[in-house]
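Below, each structure is written out as structure tokens.
One chain, chain A, appears in both complexes that follow, with chain B as partner in the first and chain C in the second.
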Partner chain A sequence: MALDSSTVAVAAQNAAAANPRFGGRFTAAGLRRVAGKLGSLVLTLFLASLLVFFSRFLVPGDPVTFLLRGRKPSPEAIAQVTEQYGLDLPPWQQYLNWLVGAVQGDFGRSLQYRQDVSTVLGERLPVTLMLVVMAGLLIAIVGLSAGIVAALNRGKALDRFTLIGLTMLSAVPSFVGSIVLIAIFAVQLGWFPTFGSGEGFGDMVYHLVLPSIALAIVFVVLVGKVTRSSMVEQLDREHVEVAISRGLKRGTVIRRHVFRNALGPILTVSGILVAGLLVASTIVEAAFGLAGMGSLLVQSVDRLDFPVVQAIVMFVVTAFVVVNAIIDIAEPWIDPRSAAGAAAR
Partner chain B sequence: MTTPTPTLAVEVMRAPRLRPAGITFGIALGIVSVMTLAAIFAPFIAPYPPDQLDFAAVNAGPSAAHWLGTDALGRDLLSRLIYGARTALLGPLLVVIGSTIIGMLLGLLAGWRGGWIDSVLGRVFDVLFAFPSLLLAIMAVALFGKGLIAPVIAMSIAYAPFVARLTRALVKAERTRPYVSAYRVQGFSGPWIALRRVLPNVTPIVGAQSTLNFGYVLAELAGLSFLGLGVQPPTPDWGAMINEAQPGIVGGFFLPAIVPAVAVVLVVVAVNIIGEELSERIGGEIPA
Partner chain C sequence: MSLLDISELTLDLPNGTRLLDGISLSVDAGETVGLVGESGSGKSLTARSVLGLTPDGARLGGRVELDGREVIGASAAGILDLRRHAASMIFQDPRAGINPMRTLGDHMTETLRLCEGRSKADATARAAELLASVQLPRPEEHLKQYPHEFSGGMLQRVMIAGALTSSPKLLICDEPTTALDVTTQAEIIRVLIEQRSSRGMGMLFITHDLNLAASICDRVVVMSAGRVEETGDARRVFSAPQGEYTKRLVAATPTIAAATGATGVDVIDVRAVPSIETERSDAEPMLAANGISKTYHLRGKTEVNAVVDASISIARGGALAVVGESGSGKSTLARMIVGLEQADAGDIRIAGRERTEIPRGRAARLAHARSVQMVFQDPYLSLDPRMTAGRSIEDALRLHTKLSTSDARARVLALLEQVGLGEKHAQARPRTLSGGQRQRVAIARALAIDPDVLVMDEATSALDVSVQAQVLDVLAEIRRERGLTVLFISHDLAVVRRVCEETVVMRRGRIVERGRTAALLAAPEHPYTQLLIDSVPRPDWAVDPVADQKSA
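Now for the complex of A and B:
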């Protein structure tokens, strides 16, 4: 590959693009782009809410009977449910009432707890969020380091070893991971509790160590693999060769020119992980007996408490859409080339 | 035109893969074949009926009478494992077939017609991507009740957009190829070319990628019955077996949970190796 002056110029441009000072941030085009993304976010959420709300109408039969399945349909209960959900109103009006409430955080009342859904959910949320955050940290640390180590040792034994390890781990679903971890570290060795989420912050972290590992396994694989392929792609680029041939330290080149450019796909995958973690925590919470949102979801399905199911589904979907929108909007700040590319298109 | 956002599926497809050596592929094929045969011929192979209780051997370890031991009710684990292969394999098979058919038809429609149809379908896929498959399956159970049918339908819908995006991209690339114009010049109708000439050309790549979903779906459906929302006892099912064995783990009886867990892991690894080998052999560029 000839390293003529134009290659060096391109490399210089790349270096300039990697420097945020050169990226135009608050231009009119940039604001239009953000507005467009926000519009798309609202539209997606609106369509998702239609699906969540009107799914109930797919069930044949009387909505009162559906909501009161498994409960005694006394005339008072029927009257109460009809009144509460406005079941005598036309469907579009029922939807509007639900949507207006949902936007304000009011998802109606839980049928099993006889409390507001938001109250029930609020009690369960901290455990799940803590679990997701701890698993997220694990995924970031283990996944990124595995991917980086593999990429830097491309084709060597360490790379192959890491890939084999990741492929093996990718076949360990969270419920298998949970029972294996419980069997070894909680029952055999007795290092960790088998059950419950603990009291207070420190105790909670301690109780959530094994659950967060079980939750992280599959996602570590994903982040590790994407990190490796994204890094390898960058390592082959000309500007990296140029940077090395100019005598820059290897560490600097890897940090500033390889990893930084490789970050795009890794961030995209991380956005997708959020919903995956929230849903997979359902299984981990069930395995470890944690009183989180996931176990609430399973309980609510079990006890036919549909308003709570709707609220949790909407919460997970919203979390997914919002996080992905944030990553999408933030991308030009992290990687100005994507803004330049979008403008050129 | 919206820019195609890289999907999870595409990222996974582009991710580095082990090139399985012949032996690995052979072993994987062997595991899947054995499990399939076990599922089909379960009544002839299983040493005991799956729900026969043996109170003389409760939570027993491996023995001549019970090769893999027994569970808390004294049921033979090997027999339950063999019978459990039925729902474990049937569910993912139906989902892969269902999602491939739905996804290919929608992807073909979006890629071939383009325009507003493409935009509308793209929006629909975007919304569906926001519903993780397991969540959609749980919602389906909440609506239509526990069992295998509701989750299988929900997951077929949840996986269809992945197939559709891939098909769409392949069809868009295929449309510009000379043979399509050649058929047009000869007066063949658009739908005929799309269904009879373009679709068969993209089917191998899409099909190979779809087999890669089998492992994910198997793990998710097993997870659903682990939650007690999928296949219901007394039907023997791997996920449900782990669920039932959970109280025993704290008492130190690991075998009833480990046996089905190992089965899940083995089949998922084997299916993934086969799927990856298939897509390697068929080759073809995966467009972004």
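Now for the complex of A and C:
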């Protein structure tokens, strides 16, 4: 139904005038909104867990055969392994067992390592997290600066140069970027190591410089372009002209009125990037020989190590959903109008 | 020496277009000078050049002297100083002009804190004081509120208070009330006049509304196409215009006062409209809406009674105006009649047929569309930018009739001729047409299939007065020829007076008064109607139309 927006808007303002805290942040309505977001977060995770768990039954190949690889399995051995891993139970019961464990951080035992999945993951996770955090910082710094520089020089040579540069970068897949970076900075110049993730914090950062650049390239382009278009849109707004007419310095106007207002779309895109970063790290880890979660995922899929695959996929899904829920919940702080609903815009 | 002295100001864009051509005007302290003209006349640009707000790369010539200092060619620091201390500006749309993501307190205090270096507490106290001086009820609380919680009128007060933070010597007002309702406009003007006299500021007041300019300005400067057409005492310019352009502009401006010949406004002689005398007869009205209501239920909010038990009827060939302010439910009423919105209660009959339900299915939609067509407010949005004007009309014909291509084309040309356009306009895409031409195309499209009723929702509000006059003339012409039945939604009483025989006044979803337009405007009974009429700006030397009518 198309609401007659002006009528509704006027009514909303009348209500607001009557009650000054209408649409405020710390109201019952605000709490309901946060509760709703959290509810949909839990629901999303639940549906994802169903998908992740039962997709195993669609994949060809029997984990038992893998577990007993290299031997000629006797029926007793098969029966023993089947029982040990709980594979004789009906699927829904297997799911329940898995879910109860997963909620407590226990994703079962890895078939290839014969260790707890949490232990296997625990060894790999720091590398991947570090890689993603470093890439994230790079994306924020380079992407935002490129976008801001382009927007402030809109239509001029610098803007066009930045845009062309970004477009060219966006055509570089991360595995190509990885190889080029290794060839130049690691092999020819010898500034960075070609392989491995190093020992200790400082060494790790040093080892991860090239990988994080390779990972960041494509996402820098995305953030840069969104920043530019969002800033350009705000630059044309009348409130920016008002701010200028009041004698504020250009830098102040850009910071307080243009960039501040352009933040919404930038954050939304950044939230969506999280999943992309985690997934793309697989390729970069492979290229740089990093023992991270990405390479573990590839290896586990290959060897039908389904508990590990399930754990990693659930981790990626959870990271993505949680980051986006945080951005959603923070929205009223970014744009106070969103709490009051679209009608009052 | 004058506070503001502009002489021979020219402005050229980098591509060579000359937007301002030899503008000269001056404003003294305590004086209000009106800058009047239609869109594109350069009035806003002239005012903005005073604060150095000119487009990138524009070349300026001549002199602009503000408070004894030259603006053109001033250093960046000099311009900042002028903006901070000499002059400030109020913009047209307060909703666009105040950052929606920051609190009003931030808007009010940011220049005090960042430019004057005042402490937060000091700035907040000053801001509250200023908000109180523009008569906002709870200054301290307002400072914590956001713009979306305010109505347009309240926001415009904030904008005024914000412009006064720097205690400017010159206040530039760029159409400060155009986006507001007429009663709100009256309040804002009162606030402005109050502040001007208590501070002894000079005021440069930009408007397209001659009546408004006449009601508050000492002198006016009439601009057209980047040139000054006429300058002089406000009363002299409006009562005895000398330039050709000024004469046309004054003539095109509708007034709420009865046509006494002073302004030369052409009021339609209602008796010339056919079959208007039959409205009291037993014949069924062309449009009859009985007790229709509409309530919007919004989650988490109180429900909105957009229209409550409204009944209207229009005789065949009649024209009914629905007037009211924004939020009065007049557009919702129109949307229900056109079938865009489902009424919760009541029934609507058009030409004797039931039209209450939202049409479902193709046949029902076509039938509904044949009985009622709508012309929307903004012709820039209501025409498809990728279709030629002729094609837009032709599409309507093809949808509803079985005309052959050549017959349809001929009909399109006939329709365009009827609204004063020709074959070359049929080939034009909307962006090459002017606002008035677009609205005429929209009218032609609405008339293409001979609807029983034409609904015009603020159809002339976005147009300049001279263009509005043309469109209203076209409408009058068509009504005279075809006996078209019109439902005319408007907030502008002066326009309503020209177009409609009968008027209903809506307030908060209810019809508060109805009657023949002339009688209603001359002797309003409901206090709200009285308030609406009193709020319409008129020159302070003009006679009160109500008193005039009563004594006559």
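Everything below uses one rule, namely that the second predicted complex is superposed on the first by the 294 of 345 C-alpha atoms of A that agree within 3 Å, B and C clash if a C-alpha of one lies under 4 Å from a C-alpha of the other, contacts with A are read in each partner's own complex, and residues count from 1 in each chain.
We adopt the following convention: a residue touches a chain if its C-beta (ideal position, glycine included) is under 8 Å from a C-beta of that chain, and two chains touch if they have at least 3 such contacts.
Keep in mind the model is a prediction, meaning the values are calculated, not measured.
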{"item": "Touching partner for A:S145 - first (chain B), second (chain C), both, neither", "value": "neither"}
{"item": "Larger contact residue set on chain A - chain B or chain C", "value": "B"}
{"item": "Partner chain(s) touched by A:T82 [first = chain B, second = chain C, both, neither]", "value": "neither"}
{"item": "Touched partner set for A:S245, first chain B, second chain C, both or neither", "value": "second"}
{"item": "First (chain B), second (chain C), both or neither touched by A:R256", "value": "second"}
{"item": "Partner chain in contact with A:N153 - chain B first, chain C second, else both or neither", "value": "neither"}
{"item": "Chain C-contacting residues of chain A that also contact chain B", "value": "345"}
{"item": "Complex interface listing, chain A residues touching chain C", "value": "1-4, 6-17, 20, 22-23, 29, 32, 237-239, 241-249, 252, 256-257, 260-261, 334-337, 340-341, 343-345"}
{"item": "For the chain A and chain B complex, residues of the former touching the latter", "value": "40, 43-44, 47-48, 51-52, 55-56, 58-59, 150, 163-164, 167-168, 170-176, 179-180, 182-183, 187, 194-195, 222, 225-226, 228-229, 232, 265, 268-269, 272, 275-276, 278-280, 282-283, 286-287, 297-298, 300-302, 304, 306, 309, 313, 316-317, 320-321, 328, 342, 345"}
{"item": "Complex interface listing, chain C residues touching chain A", "value": "51, 53, 80-85, 88-89, 91-93, 96-102, 110-111, 114-115, 138, 141-142, 144-146, 148-151, 154, 159, 162-163, 165-166, 296, 298, 300-302, 304, 306, 326-327, 329, 331-332, 335, 340-341"}
{"item": "Sites on chain B touched by chain A in the complex", "value": "3, 5-8, 11-12, 14-18, 123-124, 126-127, 130-132, 134-135, 138-139, 141-144, 215, 219-220, 222-223, 226-229, 239, 242, 245-246, 249-250, 252, 254, 257-258, 261, 264-265, 268-269, 272"}
